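Here subunit A shows up in two complexes: once beside subunit B, once beside subunit C.
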Partner chain A sequence: MKRKYVIGFIIGILRYLVIVSICYVILRPLLAKIVSSFMMEQDLYDQTVKWIPRNFTLENYRAMYVHMKYLIALRNSLAFSLLIALLQLASCTLVGYGLARFRFRAAKLIFALAIFTLIVPPQIIILPLYLNFRFFSIPFVMPKPGINLLDSIWPFVFMAASGTGFNNGLFIYIMRQFFKNSPKSLEEAAYIDGANAMQTFVRVMLPGAVPALVIVFLFAFVWQYNDYFFTGMYWSKAVLLSHTLDVAAANYAYSLGTHFRGHYISLLNNTGMILFILPLLVLFGFTQRYFIESVERTGIVG
Partner chain B sequence: MSRKRRSRLSLRTREAINGHLFTLPFVIGFILMFLFPFIQSMMFSLSKLEISSQGYTLTWTGLENYHNALFINAEYPRLLLETAVQMLRDVPLILVFSFFASILLNQQFKGRLFARVVFFLPVILSADIILRMESADYISAFLDASLAEEAASQGTLGTIFSRGQLVSLLMYMKLPQQLVTYIVTGSEQIATIIRSSGVQILIFLAGLQSISPSLFEVAKIEGATGWECFWMITFPMLSPLIVTNIVYSIIDFFTIPSNPLVDFIESNMFGGAGYGVAMAMSWLYFVFIALFLLLTAGLISRRVVYME
Partner chain C sequence: MTDQDVQYLLETSEFQLSKEVLIMKKRILVVGLIVGLLALGSTALAYDLTQFGLQPAENYDFGGETVTIISWTSERMANYFNDNLLVLGRVQEAEELFNCKIDFMQNREIPDINFARLLSGDSVNDLWHVQNKIGYWQLVANDALYPIYEILPEGYYDAFPPGILAVEEAFKYNGQYWGIGTVEYRPVFGYQNDLIFVAYNKTLFEREGLPDPYELYLAGEWTWDAATDIAVKATRDLDGDGETDQWGIVDARQWDLAVSNGASMVRVDENGKVVFTADEPAYLEALEQHREWWSELQVAMPTNSSGDLKNAFINGNAAMWFYAGAWQLPDLMPMTDEWVLVPYPKGPRVDEHQWTVQAISTTVLPVNAKNPEALIALKTFLWREEDAPLNDVLATHVRNQESAQVFLEGNRAWSGNVSRMFESFQATFVDDVRQVSAGSLSPSAAMAALKPVVQANLDDLFGQ
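Let's look at the complex of A and B:
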C-alpha cells in the first residue's frame, strides 16, 4: 500500500513537470511580447537586459494606439465580427438541425458536401469568387457587366448567411452532431401540441442547444476577428484591426520621416499584437469556463 | 385550408419537405458560392485569363498552365515536395502530443482549469496576421538566443539537453540513425507542434469525457492494471477520433496561411506567374491533398473500433 502511494506521488510530480513545461512553451512568447512592449529601443541592444526593461516606457503603446487607429478599427472589427458570427451561427444551426433531425434522401449528400467544403483549400475558389463579386450580375434581372460588390460588406454577408463562410463546414458538423445526440421526446411533445417544425426548432430545441451555440459563435467570432486573408481580398479598404496592425509600424516611421531598424519594427509589431489580442483575451477570460466545458458537453465526438 | 392540406401529407413527405427547407440556405450557397466558382476555377486553370474593367475573358490553352507549374516553374515542385515531407513529419507528432496532452488534462489535479485554458490559448491567438508578423520577428529570436545561452549555463527546465547531448544520448541507446534525426528535428519543432494542437486536444478531450466510467469499473473489478485499461479501453474508444484528428491536422497543415506553399500560390496569383498558373498550382495542390487524405483515411480506418 505504501509503495503504491510513493508511485502515485512520483507520477503526480512528473505530471506537473510536463504540464508546467508545456504551459511555459505556450506562454513564453506571449510574456516575451508583453515584456518587450514596455522597453525602449536601446534596451534591445543592451546585452544585460533580458526580461526586465531598463528604460520603462509606454511610448510604444501610444504610438501603436494612434497608428492602428485603435478605437475606430476595434469598433469596426468587433461590430463586423459580431454580425458575421451571428449570421454564420444562424445558418449553420439551421442546416445542422435539418441534417440531424429530418430523414430525406439528399441529407447524406448535403452533409458530405458540407465536409467537402472544408477540404478544398480556399485558394482554389477565391479568385473566381473575387471576379463574381467584382462583376456581380443576376441572369435576367441585372445586365451583364454587373455591379461591383467588392469593398463592401455584402460578400461576407452572402457567404455567412448561406453557411459557406470560413470553416462553416465544421460548424455544420458540430451542430449536426449536437442535435443528433439530444433526446427526441421534447420535439415529439411539441409536435403533438401542434407546433410546426420551425416553432419547435426555435422554442424547444434552441434553448437546450446553448452549449453548442456558444462554441460555434465563439469560433466564428474569433476566426472572423483574426481574418486577414478574406477581408484583404474582398474588402481591402475596410478599417479593421487586422489590417491596421499590419501597416501601423510602417505608418509610424513614415509620419516621423525616418526608417526604423528591424529590431524596433518587431518591438512595435509586438506591442501592436498585444493591443490586437487584448479584446480576444478579455472575451476568452469571460467565457473560457463555458467554452471548455461546452466543448465537452456538445459531444462533437458523437 | 393549408393546415388541412398539410395534414394529408404523409409523415415521411413532411419530414422531407422540412429537411429540404432547413438545409436550403446551404444548398443555395453551396451551388452559387462554392460549386460554381469551383468549376470556374477549373476553367481558369485551363485557360489564359484577362481582366478588364468591363469583365474578364478566357482563352483556352489546355494543359499549358499545368505544364508551366510543374516543369517550367523552378520553385513549385520543390515547395510541394517540401510541404509533403514537413507534413509527414509534423502530423504524427501533433497527433501523439495532443493524445497524451488530452489524457493528462483529463486527470484530476490542482490547477487543471488553468492548464486547460493555457493549452487552448493557441487556438485563439493564432491569427494569420500574427503568424505572418512573427515569421519576421527579431525580438523573439533575440530573447530565444539569450535564454538558450542562460539555460545552457544553468541547465534549466526545457533545455535539459543541448542538441549534441541529445544526439549522443540517443545514439548511445542504439536507436537507428533515421529515428534519431526524426526525434531531434521533432524536438526542435516542439513549440510549433504544441501551438498547432489546440483543436485536436479538445476533440480528444471530448472523446475521453464520453467514455462510460462503468467500462473502467468493470475492468478494475476484473483486476486490470492502469496500463491494460489504457490499451484495452481508452485507446480503442478513442480510435475513431484519431482518424478525425488526422484528417483535421492534415487539412489544417495544408491550408494554414503561414504554409510557404500557400503563400507562394497567392504571390503568383497577383503578379508572378499569373492567374492561370496560380490556379493550376492550386488544383495540383488540391488533388495532392485529396489523394493523401483518401490514402491515410483508408489505411487507418480499417483498424478503427466503432461502437455503434
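Let's look at the complex of A and C:
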C-alpha cells in the first residue's frame, strides 16, 4: 500500500515536472518580453541583468501608450473586431446550418468550395479583391465603374456578412459539423409544433449551439484583431492597434534622436506587444472556461 | 589727453567724415547682408533642379492631384519632414511649387499594394520606395516599372553622391537603370546605411596585447590570416571553468566573407543572364574560411542569434564583430570599451579591401506614371544631399578619428556589391552554408547541390 502511494507520488511529481517544462518553453518568450518591458536601455547592455531589471521603469509603457495612440487605436480595434466577428458569426452559422440540414443541388460543391478557401493563400486573392472593392458595383443596381470602397470599413463588412471573410471556410466547416451532429428529433419536434425553418434555427438550434458559436466568435475576433495583411491592403489609414504597433517603436526611438538603435527599438516593441495582447489576455481570462469546453465539444482537438 | 582735446577731436571735420564713412559702410554691410540672406532664402525656396538636368520646380504641375509616396517607412518619412529643422516646411513648399498634395502611405505589403494600385489605375502619381529584399525584383521583372532610362536627363546621377549611382548600377535590369535614388526617414541621404564594417574592441586588444587591426589595415596587412591569428589569441576561457568566455569573432557571415574575397553569389553573364556563381573557387574559399573559424579553431561564437552576438561585443566579450552595419553603429554608442571600425579583411584573391552591404533601396515609378519627369523632380526636390551634414552623420555613427576615416572610405569606395542580392532562395542557401560551417557538408558539395535549385529560382524570377 505504502509502495503504491510512493509510486503514485513520484509519478505525480514527474507529471508536474513535464507540465511545468512544457509551460516554461511556451511561456518563456512571453515572460522575457514582460520583464524587458520594465527595463531601461542600459539594462540591455548589462550582462548581469537577466530576469530582474536593475533600472526598473514604466517609461516604455508611457512612450508606447502615447505613440501607439493606445486608447483610440484600442477602441477602434475592439469595435472593428467585434463588428466583424459578429457578422462572420451570423453569416457562417447560417451557411453552416444550411449545408448541414438542407439537401439541395450543389450543396456538396458549395461545401467543398468553402473548404477550398482554406487552402488558397490570401496573396492569391488579394488583387482580385482589391480591384473588386476599388470599383465596387452591383449589377442593375450600381452601374460600372462603381464606387471606391477602399480605405473604409466596407470591404470587411461585405466580406464578413457574406461569409467570405478571413478564414470563414473554417467557421462554416465548424458550424456545419456541429449542426450535422445535433439530433434531428429537436428540429422535427419544432416543425410538428408549427415552426418554420428560420424559427427552428433561431429558437431551437442556436441555443444548443453555444459551444460552437463561442469558438467561432473567439477565433473570428482574435484573427481580425491581429490582422495586418488585409487591413494593410484595404484600409491602410485605419488607426488600429496592429497598424500603430508596427511603427510606434521606431517613431519614438527616432524622435529621441537615438536614430536606429535596434536594441532599444526591440525593447519598445516588446512593450508594445504586451499592450497589444493585453485585451486578448483579459478576454481569454473571462472566456477561458467556455473556450476549452467549446474546443472539446466541437471536436476541433480531433 | 584732456577732455577738451577729446571734444575738439570729435568736432573736427576729419573725424566727422570718417564717422560718416563708417556709418555708410555699416549701412552697406547691413543692406548687403539682407540682400545676401534674401538671395540665399530665394535660392533655398527654389532649389536648383537644373543641376540634375531637370527643369526648375515651378515648371512642373500635377494639377492639384495627390502624389502618394509608398514605403514600409513612410510614417517615419512624414515625421522626418515635420520634426527636422533642416527640412521643415519642405513638403509644403513642394506642394506649392508642384501644385500637388503629398501623401505618405505607410504599408508593409510591398509589392502587393503596388501591383494592386497599378492594376486599379490608382498609381499614376505614385513614388514607390523598394529594396532588393522588398519588392524591387518582382516589380521590375513583371514590367510594373516605368522605363525611366528613356526620359532621365543626361548626367542625372552625376549630381548625387557616388553611392546613389552605385546603387542604381547594382539595380540595373536588362542593362538599364530603373531607380531614381533612395529616400530616407533620417538625415543620412547620400550615405550607404547598410554598409558592413568590422568593429573591434580596442580596449580588449590593448589589454590582451593584440596587434591593432587599424594599423594592419593602414599597412595593407589586414587579411583573413591576420584576423585568424588575432581571433585565436583573443578566444579565451577567462575563469578557468572550461568554457570560452571571450570570443575572437562574432557574427561573421559567409556571404560577406565571400565578397571580401572578390566573390559574388550571383553574376550577370555575357548573355545578360543572371547566374549562380557561389560554386566558384573564391566563394568556396570563403565558406572554407568560415568553417575553419566556426568548427576547426572554434574562435567564432557558435550561435546564429544576431542579438546575442551583438550583445557579446557590446558587453566586451568579443574582440571583433563582423556584422557592424552602418545602421547598427548607433547601438555601439553606449559601449564602455573603446571600439574602432575597419573594413572586412582581405581574402587571398584580392589586393584591395572589398566593401559590401546587406541591402540597397531606391525609388521607382509605376509603369503607368502620368507625369514621370515631374515625379522624378519632386523626389529630387524633397531629398537632398545637403540635408545630411557630414559632422552630424559622423557624430551618430562613430566615436573616433580612425572609425570616421574608415566610415568615409567605405562610403567612397563601395561600388555596388550586395552580399545577398536575391532573397527568394535565401532560406535554402542559409541552411546549407550553415551546415558547411558546422563541418557536416563540404563547400563544393553543398554548392553543387544548391546550384540547380538556385538557378531555377533565378530563371523563374527573371523569366530567363
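By our rule, the second predicted complex is superposed on the first by the 269 of 302 C-alpha atoms of A that agree within 3 Å, B and C clash if a C-alpha of one lies under 4 Å from a C-alpha of the other, contacts with A are read in each partner's own complex, and residues count from 1 in each chain.
Assume a residue touches a chain if its C-beta (ideal position, glycine included) is under 8 Å from a C-beta of that chain, and two chains touch if they have at least 3 such contacts.
Small disclaimer: the values here were computed from a predicted structure and weren't measured.
J.: After the alignment on subunit A, I want to confirm one thing: do subunit B and subunit C clash, or do they fit together?
T.: clash
J.: In the superposed arrangement, which partner chain does A:106 touch: subunit B (first), subunit C (second), both, or neither?
T.: It touches subunit B, and subunit C stays clear.
J.: Quick check for you: in the superposed arrangement, does A:246 touch first (subunit B), second (subunit C), both or neither?
T.: In the superposition, A:246 touches subunit B and subunit C alike.
J.: Contacts for A:41 in the overlay, against subunit B (first) and subunit C (second): which applies, first, second, both or neither?
T.: Touch partner of A:41: subunit C, not subunit B.
J.: Answer with first, second, both or neither: which of subunit B and subunit C does A:255 touch in the superposed model?
T.: It touches subunit C, and subunit B stays clear.
J.: Is A:236 touching anything from subunit B or subunit C once the two structures are fitted on A? First, second, both or neither.
T.: Touch partner of A:236: subunit C, not subunit B.
J.: Which partner chains sit in contact with A:174 here, subunit B, subunit C, both or neither? Use first/second/both/neither.
T.: A:174 sits against neither subunit B nor subunit C.
J.: By the touch definition at the top of the document, which applies to A:213: first (subunit B), second (subunit C), both, or neither?
T.: Neither partner.
J.: Does the superposition put A:68 against subunit B (first), subunit C (second), both, or neither?
T.: neither
J.: Hey, is it subunit B or subunit C that touches more of subunit A?
T.: Tallying touched residues of subunit A, the top partner is B.
J.: Does subunit B (first) or subunit C (second) touch A:89, or do both, or does neither?
T.: A:89: touches no partner chain.
J.: Tell me which region of subunit C runs into subunit B after superposition, given the options 81-89, 99-107 or 135-143.
T.: 135-143
J.: Going by the contact definition given at the top, which residues of subunit A touch subunit B in one complex and subunit C in the other?
T.: 44, 47, 123, 127, 131, 135, 228-229, 246, 262-263, 266
J.: What part of subunit C is in contact with subunit A in the complex they form?
T.: Interface residues on subunit C, with respect to subunit A: 73, 75-76, 79-80, 83, 105-109, 112-113, 115-116, 119-120, 122, 185-186, 307, 310-311, 314-315, 317, 327-328, 330-331, 334-335, 396.
J.: Which stretch or stretches of subunit A touch subunit B in the complex?
T.: The touching residues are 12, 15-27, 29-30, 32-33, 36, 44, 47, 50, 91, 94-95, 97-99, 101-107, 110, 113-114, 117-125, 127-129, 131-132, 135, 144-145, 158-159, 161-164, 172, 197, 201, 222, 225-229, 242, 245-246, 262-263, 266-267, 269-270, 273, 276-277, 280-281, 284, 288-289, 291-292, 295-296, 298-301.
J.: State the interface residues of subunit B toward subunit A in the complex, per the touch definition above.
T.: 12, 15-16, 18-23, 25-30, 32-34, 36-38, 40-41, 44, 51, 54-56, 101, 104, 107, 109, 111, 113, 115-130, 132-134, 136-140, 142-143, 146-147, 150, 157-158, 190-191, 194-195, 202-203, 205-207, 209-210, 241, 251, 254-255, 257, 262, 265-266, 269, 275, 278-279, 282-283, 285-286, 289-290, 293
J.: Which of the residues in subunit A end up touching subunit C in this complex?
T.: Touch list, subunit A to subunit C: 41-42, 44-47, 123, 126-127, 130-131, 134-135, 228-229, 232-233, 236, 243, 246-247, 250-251, 254-255, 258-263, 266.
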